[in-house]
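Listed below are the structures to be examined.
Shared between the two complexes below is subunit A, which pairs with subunit B and subunit C, respectively.
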Partner chain A sequence: MAMPALPAARYPNSELEKKMGALAIKNVTKSFGDTHILKGIDIEIDDGQFLILVGPSGCGKSTLMNIIAGLEGPTTGEVHIGGRVVNNISPKDRDIAMVFQSYALYPTMNVRQNIAFGLETRKVPKKEQDEVIQRVAKMLQMDHLLDRKPGQLSGGQRQRVAMGRALARDPILFLFDEPLSNLDAKLRVEMRTEIKQLHQRLKTTMVYVTHDQIEAMTLGDRIAVMKDGIIQQFGSPQEIYERPSNLFVASFIGSPSMNFIDCHLAEQNGQIGVSLQTDSDARFLPLPNGQRLAGRVGQEVILGVRPEQLDVAHSDDNVAAISIKVNLTEPTGPDTMIFTKINGKEVVARVHPRDAKGPGETMRLALDMSKVVLFDPKTELRLE
Partner chain B sequence: MANNNKWARILVYAVLIYAVIYYLLPLYVMITTSVKTTEEIRTGNLLSLPMHITLDAWRKAWGTACTGVQCTGLSLYFWNSVRMVFPAVIISTTMGAINGYILSKWKFYGSEIVFAMLMYGLYIPFQVLLLPMAQTEGYLGIAGTTPGLIFVHVVCGIASTTLFFRNYYVGIPDELINAARLDGAGFWRIFFRVVLPMSLPIVMVTFIWQFTQIWNDFLFGLVFSSGDSQPITVGLNNMANTSTSVKEYNVDMAGAIIAALPTIFVYVVAGKYFVRGLAAGAVKG
Partner chain C sequence: MIQSTRPAQYGFAERWLPRLVLAPSFLLSLVFIYGFVVWNGYLSFTASSLLPRYEWVGFHQYARLFANDRWWVAVFNLFKFGVLFIGISMLVGIFLAILLDQKIRFEGFIRTVYLYPMALSFIVTGTAWKWMLNPGLGLEKLMHDWGWTSFTFDWLVNPDMSIYTVVIAAIWQSSGFVMALFLAGLRGIDDSIIKAAQIDGATLPRIYWKIILPAMRPVFFSTLMILAHIAIKSFDLVVALTGGGPGFSSDVPATYMYAMAFTRGEMGLGSASAMMMLLSVSAVIVPYLYSELRRGSR
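Right, the complex of A and B next:
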């Protein structure tokens, strides 16, 4: 028997079912006159996810944040928040809290008033305001600053106040534009943990701009790597780290940066691989399931190897290994960076300090060929 | 080197002292003359100190000197000016602040053109306005009244007050306005809570500027007021032009000082804000 047709309202469409803070940016472009800043941005995250925007200075991160907040309109494209198009909704009705890159603290108000302003506007009762201010001040270690004006604060203190002003609210979406860039190393690490815990507790959707590798990797559920107004790659931190879609992403994410070694794709004994040459050795290293690259044999490729994928070879390792001459070492504490040359290119390996040899000595390094990536030197795209 | 420095210093001081004398001498003459008797002025030297000080000339200038047919001194004109200057200054400053706020922080399609046209207003010689303005005042039924004079001053002051505020507000970062918008504040709330509290220096600059312009205005006062609404500048002119048997320089000088006192007072009280405001507008980033 056929089910009787139910009124449509009982079955809201999937768009409406999406929860509050889901964010979708659909083909957004932005031009100021003839300068095209954003050239077709597509990003979609679920409610409660933590999105990281990274990219070199001037690539349009802040512009994108302003568009999400509604402070600027996109030239074309749509912004969806919680499943509805918000292009025509004013910033104050989008229920977004934002930390501005330049802090944007009200100079004539003291810290307490700065934090309270948004609460007042939204008619939060006075008593509740005070509680919120206390909570935020404690979290950001700025109880003693509450009666000061922004002009009497250091850069790092201002940044904390800007953070506090956003955290005092309970919005459906947080936007943070480099909120920790001016803090000292220790406070920065503390705040990073604090933000992570906060996100786990509140489960509010967050968009976070940073230049810091570690912040990007540790905080993000999703990372969008931008350059020149184009999303180069959008994915989970692990995906971006392990399978960067092009040379730019590979070199931008990770510190020290990925090694790029120019080589020829060759075939030996029925295996496809690359030949590497060092000052003390020359080897052919086969690629696991290299057959997929059969069509490219004889062509130039760029071999991408992360420093930690070059480790000291132990005799029983069943991996490709090559002997190298150490040019320089840089101990960082937990690891030691070994600088050498492979195929004429400077290469960094990250090894345990115990295994590190001194400059001029030779050592055997193992390459984890299952993890290395290959790029096409012309298109700069990763070879699948 | 040190010698060079010394001579440079002496030269600078010489120039400065000359400038000081150049500006203060007329004031000295005005003040000393106003406290002399007519007799002493006639027989004495322009630069000599008064032999005995008398305030008779001041009393006469304020209360009994003839300005045309009536002989009630400058006091009526003075209060006319006071009644006219405060509303005119406050209204034109307020409108300048709001215009400047809109033209810098709430730009709309064509707002640059509006601003350019307003600035054009700075270059219009006011004489050109006299006829059309007189006609407009006639239509509005405020010709020859204090409100009519206030109207003229407000209209003619808006260009400069808008320019002052707009240029000052351009220096306030847009992100501050954006932060307030995200905090849920609207146009007026942002203006009163965020922008206006930052505006003290430019408010003072505009206030002093407008006060001086309007208080010292003679042209509009002469054309757009009549009888019981004439400002002090017109009164002073009438007084000095009313022919008496002997030219009473002491009364004229006292009258001139009375006419100038309020602007001097405003500069002394608010002058430090004036300098500070001009500087703030220049360096604000």
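Right, the complex of A and C next:
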């Protein structure tokens, strides 16, 4: 999608005015009767950041979104937008725009009327309305759709209109509730890029709900991983990917997901490490700065290894290498997934297709021990 | 296509069984509906009085009908009744549906309460309202007993107002039904549309007026068809409630036709009025059916 520059006059605030779209959610809980949906949510982001709320279905993402938008009130806690507490401010006065999972287009109005509705309600002069519609239509390349009804549009086009309706206003905060989940895979990737470009251009604070971890990783400045109404981890995509705070986050983010290998923490020759056993090899792999775990020697731990951290060992002197027997291969094009067993657990390695061996053959894999993470099997938390 | 893939021995039964099963009802409706319509049409051109008499008189009965005051009272009554009944039931029904749509408690119970009148026959409704509106028995007497002695509500016995009592009873009976139809329609509206409109800054009345009710157009038209149909057919309610009286002040075409054909010994006149009713119903139904069928075949 072409991205022409925005004209200077934007609605409703002038460009000059400094808009603070910082968002803070402070100890927000939500209960419906006896069911507690959100159990103490704390999130803070700066003006202009892109926040991702990610988590499995039913974890309370939409509920949190509705609370930010003011469509539902929190049971306890505070929501701050642009530095002011908005708990008692109605949705229309929060200066937000929202795109819904089901698009929520007004069925009897054509695209033009759909976009104009919010402007009309806010008593924007007719002439200005037309300018806004033209700008949005051009930006989203839907000039030719303006006179159609939502029923006459494809899923992708509807998605665009829903986006256009939000963009027609110039809010300090955009809320997207799974806007891409009804699109097919290809369109989804396209729209994802468009949203990212949009954010880079508008620099407006955005909150984006998804349960797609790729969307989460590619779009977000900050990611909040949720489960059962609790924030499991809140941080930058890189932090969450590299230093997941618990087993859930580690398994939820990344595809194929992280390998979890049960092992024993042991000490050999003054080095602390783990013993790995495969069908064709057994090794003790020392952990860099393993001394911090001295108190846990002899205990069970879970070793978390991402598939790309298991690569082909090219030189024989690599300490952290282990020979494995290939059980199955899955070529994906750029990489080939190698399935094997380590310590009795199924493990996936992502290697270059050139290096991949066939099922039944053995190959040597190197573990990047500086990147692996360890988890406590009982608390499921990452060991520092 | 499906049939051709099945074994041949099923062919005969499959082709003829449905027709055989449908044949009796087809024959019955052919004779007792269309046959009698034709017979009635024929009678309206004869000089039949107490009994059918096949003496052709041309449009004489229609001329008498159009010169008959009582017929015009009946026609205007139907007009007043139809417009008020359809209009008010629709408004009350939509209003109740919107209230019930606000996710209130005991919704199931309230819905049943409002829908219940529809389960009664018009005869029961008419009789019940006759008691309630009777100045000597019902509302007026109750008010008098409570000490409000200047209260009068004599519409039932007032020739200028009697048709409006029919309107009241019919609205009482049907608005719950209208409510149920609209409530089903409202429930089909995606919640997030309302949320989106709230964020767009619309007030609840504006949301309903500009977004939700326009989306109810199909429900509106089917409800209109059903109510129009009830209005034109209304006979039993009038008979039970006012009996067409006082005098013939609350007659409608159906009671007029019944009175002429079966109690006043004016069968020709009755047939002519029945034909007029048939024609006006067709004027409404035929274009509707035509548009529906055309849409269905497309």
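Brief remarks follow.
To be clear about the criterion, the second predicted complex is superposed on the first by the 346 of 384 C-alpha atoms of A that agree within 3 Å, B and C clash if a C-alpha of one lies under 4 Å from a C-alpha of the other, contacts with A are read in each partner's own complex, and residues count from 1 in each chain.
Here, a residue touches a chain if its C-beta (ideal position, glycine included) is under 8 Å from a C-beta of that chain, and two chains touch if they have at least 3 such contacts.
What you see is a predicted model, and the numbers here were worked out from it, not measured in a lab.
Aligning the shared subunit A places subunit B and subunit C in steric conflict. When both complexes are overlaid on chain A, the residue A:Gly118 reaches subunit B and subunit C alike.
Legend: residue contacts after superposition of the two complexes on their common chain; A:Ala69 is shown touching both subunit B and subunit C. In the superposition on chain A, A:Pro334 makes contact with neither subunit B nor subunit C. By the touch criterion stated above, A:Gly360 is placed in contact with neither subunit B nor subunit C.
Taken together, the two structures place residues 66, 69, 71, 90-92, 96-98, 100-102, 104-109, 117-118, 121-122, 165 of subunit A in contact with subunit B in one case and with subunit C in the other. Within the complex formed with subunit B, the residues of subunit A that make contact are 66, 69, 71, 90-92, 96-98, 100-102, 104-109, 117-118, 121-122, 165. On the subunit C side of its complex with subunit A, the touching residues are 190, 192-193, 195-202, 206, 210-211, 214-215, 217.
Of all residues in subunit B, those touching subunit A in their complex are 173, 175-176, 178-186, 189, 193-194, 197-198.
Those residues of subunit A that touch subunit C in the shared complex are 66, 69, 71, 90-92, 96-98, 100-102, 104-109, 117-118, 121-122, 165.
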